[in-house]
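What follows is a pair of complexes built around chain A, which joins chain B in one and chain C in the other.
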Partner chain A sequence: MMQNQNDFQRLWAHSWFRDFIYLAAVIAIWQILYGLRLFPAMLFPSMWDILKTLLDETLSGSMISKTVFSLKLILIGMGAAVVLAVILTTAAMFSKTVMDLVSTLIAVLDPLPGIAILPVAILVFGLGEDAIVFVMIHSIIWPMLLNITGGFKSVPAIYTDVGRNIGLRRFRLLWGVYIPASVPNILAGFKTGWSRAWRAFISAEMVFGASGSSGGLGWDIYMKKAYLDMDGMYATLIVIMLIGILIEKGVFRTIENGTVKKWGMVA
Partner chain B sequence: MQIEHLTQTFTNGPDAHTAYEDVTISLEKGEFLCIIGPSGCGKTTLLRSVGGFQRPTAGRIVVNDRTITEPGTHCAMIFQTFDQLFPWRTVLGNVTYPLLAGKKCSNKAEAEAKAKAHLAMVGLKEYEKYYPYQLSGGMKQRVAIARALALEPELILMDEPFASLDADTRTNLQKELKRIWARSGLTVLFVTHSIIEAIGLSTKLLVLSPERPSVKLFADNPVGGPRDAVKNPESPGYGSCWVMLNDLIRH
Partner chain C sequence: MKKTKKILALCLIAALVCVCFSGCGSTAAPASAKSSGTEGTADYSGLTLRLAAQYGMQYAPVYVLKEMGYLEQLLPGVKLEWDQLAGGSAMNEALISGSLDVAFMGIPPALIAIDSGAAYRVACGICVPPAELMVPANSGIKSLADLNAEGVTIAVPSIGSIQDIMLSTACESQLGDANALSDNLVAMGNADAYAAFKTGSVTAHFASMPYIADEQNDGMVSILNADDCGGGASIVCVCTEDIHQNEAVYNALLKGLQMAVDLINTQSDQVLQIIASNENCTADEARTYLNWPGTLYTEDVCGLTRLGEFMAQHSYLKNDFQGFGSYTWEGAMEGK
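Right, the complex of A and B next:
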């Protein structure tokens, strides 16, 4: 008994184990509520049906192809936004005019929801992946620029003094001091950018439908709603949440552990 | 090193003022100059000018026949704040990186060997792989000293590097600094608030004043004693020197 208790405590120390227990609790509560028939089964289907649909759609490949399609577009959007952000922030570091311009653009364009410029994007790029990618880049780049330039501006003078003292100038000062000193802000920018990309993608697909032959997860939710396939709709929501958890815990957490946590740059 | 008719005026903002005016001093290689004076007399500003971090309003600074116009590895600066190490580099990385960035070493192995030797000199051999946040304030200042020494600069500029340390650590670091300085033949400019520190460390004293003339005293440290030791109240002439500096600073 004692041994079991120790084993449990050891497992409990792992965050993935706690997450698993919490998730299991949520599923259990869901199933109890379903069993009590408090809500119409239409709105509140059995968790087993949802998970079964998820398994079926995964095995048939349809969920995988929609997920791959969604991730592909999101990664294109992220990639393009990152390239643009790198170019703009680098230019802003070396020119006060560019910094002013970027600050103004952020102030004006960051509050503008991506979905609001969708009609413009459709008029310019037509119905298709290009319009979605354009909306995503708009959604990602401003918070990213805001974080990165904010990080650069708040680099303590002591670091740049030391950098100049050891002979760093311009690009080498940017690479050797400004960028590493801003890693916490840059990471925050990537996180915000990532979640904004998902929002933009899902809402764009739900507003004007599939942009390619298959469509992604946003279109999938839209269609399943239209066909009243509630099990399937919840299954898609679960997939979106799972991807979110994987990216947060897998990618961002790993990067944080290897950088800001290791360097003691977070409280 | 020569400082010729150096004047620094700040024109920005509401507190436009002249920090110091017409400072002229000349220093031989291997001297240990302590710059002392009341707050606001421009001690740190003078040091930053020598380091090339700011342009003097008038006058010039010449080190080894070269006029200082910008910061560089010829003058290694050690600051008061413990945050002068790069938190994203290990202790070893903090010493190695400037050697490579400043092109003092051509390859990583050479730079690391040199960095390790200097870390051993300040007693931090065991802490190479630590990150700065894992060190105490005194250890961080030791790393900063090792980083500056490894660059083999013509001048080492120290801006109250021990001011935020506790008394014991400060005393130990002062001793080590004197020992290393005596052995290496470095030229040091050391800004301090403390008369005791100034007498204890220096071979030459510079007293700055917010009044005019800015230079109240520029003279050899009259207190005798061995070159590699911190002077203490038992050293001959200590008391009268203390009284003289105290009078100059307080009046």
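Right, the complex of A and C next:
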């Protein structure tokens, strides 16, 4: 009995085990709710049917191609937003005018949901991938800038004073002091940007998107909703959640462990 | 002790998830439409009817039904809750979840839902609207074959909409492949599509009224209409089983819609004013819209069998088409 308890505690210490248990609990609760018939089965299908559809669509390759299409566009949006954010924050560090401009732009544009500027995007870029990427950049860049500039502003003066005392100026001060001291904020900006990118992408695709072979996961959800294929729709949502877990656990946590945790900046 | 805490934490998480789901469920309460009265001495003060429609001239009978207060007259004391939903897909979800009692939509989304097991059925038609595929006059596009090219985009209100299915039927008859233009489709609401069309962001727009007239005024021309797609198809009124089983309420719904359709067909000043205020147009424009070629306001359900057979044949439906009576409440009249 004691041995079993120790084994459980050992396993519980691993985050993957805890995640697995949480996931299993959600699946079990879903299936119990389905069994209780609290909701119409047409809109709340069995988890087994959802997982079977997910497996079928993965094996047929259709889910993979849509996922790859979505990831490609999201990475393009993230990449473009990161480049713009780096340029703007760097300029803002050296110019009070640019800093004021960036602050104003954040205050004005950050509250605007990406989908709200879709008509403007269509007007400028026409229908298609360019408009979706534009909407994603809008969704990503402002929270990212907010976090990065917030991080820079909160760097203790003693750090920058030390940097200046040892002769660091401009880019070297930025690279040697501001950026390392702001890594937790920068990471938070990336995380927010990543989730905003997904939301913008899915929303934009659900408003419009080319049908047939060229759509991503948002279009897939739209099509499945239109044809009341709820098993398929939830299967697509699971894929989006799995990608979120993979990026959070695989990418962001690895970066955190290698930087801010290693440096003792966060617990 | 630690283990107890962990188990407690797990239970809390489970409870939280349950609460979340319960919260979602609050909007999905089963539809109820019970009256405390009987026909003749009716008092329907305990009855709430939840209805939903969309915008556009094809919903003109709904405008009249609302503005003339026919349902309130036929069901004294009834409480009506009107919603505007974005399309057939949202209507289906609301009907199936029990958030709606009555909805007005195109035939294809209704067939998709009934085929998938939804318990609602078509009660009657309200309008056979015109549907025209518009392209810029100077585009050189004369037929569907000209649209079958890379980079061409055709806006339809939604996938699975009447326009989407009509386009497929035309593709099959003219191009030999029902899916010939599937990769060229974009799904956009009529207003967004109109704006995108005017700026050249989409090549063609399968429009309904009043956008057909607006686009024609902007120099667009029609290259395909409902007749080229095998004929027009109704916008229908669907209702749940609860409503259908309540004979007095169901009959009042049919009667109210019949009164609305009849009044529309008089094209009286009153009707024109109702349409003008709902469509934000002038009375003259309202008259033009009502008389647009291909428009028919009738309670007959037109095109259901034709579309049903096509949709089943091309896998829009999971099952074979079961016949007109399987998708309608008894008494629904089949039109051509």
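Here is the rule we use: the second predicted complex is superposed on the first by the 260 of 267 C-alpha atoms of A that agree within 3 Å, B and C clash if a C-alpha of one lies under 4 Å from a C-alpha of the other, contacts with A are read in each partner's own complex, and residues count from 1 in each chain.
Everything below uses one rule, namely that a residue touches a chain if its C-beta (ideal position, glycine included) is under 8 Å from a C-beta of that chain, and two chains touch if they have at least 3 such contacts.
Given the structure is predicted, the values throughout are model-derived calculations rather than measurements.
Of the two partner chains placed around the shared chain by superposition, chain C is the only one that A:F39 touches, whereas chain B remains out of contact. Once chain A of one complex is fitted onto chain A of the other, the partner contacts of A:L228 are limited to chain C, with no touch recorded for chain B.
After overlaying the two complexes on the shared chain, residue contacts for A:K249 are found with neither chain B nor chain C. Residue contacts after overlaying the shared chain place A:F8 against chain C, while chain B stays out of touching range. Note on chain A: of its two partners chain C and chain B, the one contacting more of its residues is C. In the superposed model, A:K153 lies in contact with neither chain B nor chain C. Applying the stated contact rule after C-alpha superposition, one finds that A:M265 touches chain B and leaves chain C untouched.
Taken together, the two structures place no residue of chain A in contact with chain B in one case and with chain C in the other. Every residue of chain A that touches chain C in the complex is listed here, in rising order: 5, 8-9, 12, 21-22, 25-26, 29, 33, 38-40, 42-43, 119, 122-123, 126-127, 207-214, 222-223, 225-228.
Contacts from chain C toward chain A in the complex involve residues 2-3, 6, 10, 13-14, 17-18, 21, 25, 28, 88-89, 92-93, 96-98, 109, 112-113, 116-118, 153, 158-160, 182-188, 192, 195-196, 199-202, 316.
For chain A in complex with chain B, the residues that touch the partner chain are 156, 158-159, 161-162, 164-168, 172, 176-177, 180-181, 183, 259, 262-265. Residues of chain B touching chain A in their complex: 51, 53, 70-73, 75-77, 79, 81, 83-84, 86-88, 97-98, 101-103, 131-134, 151.
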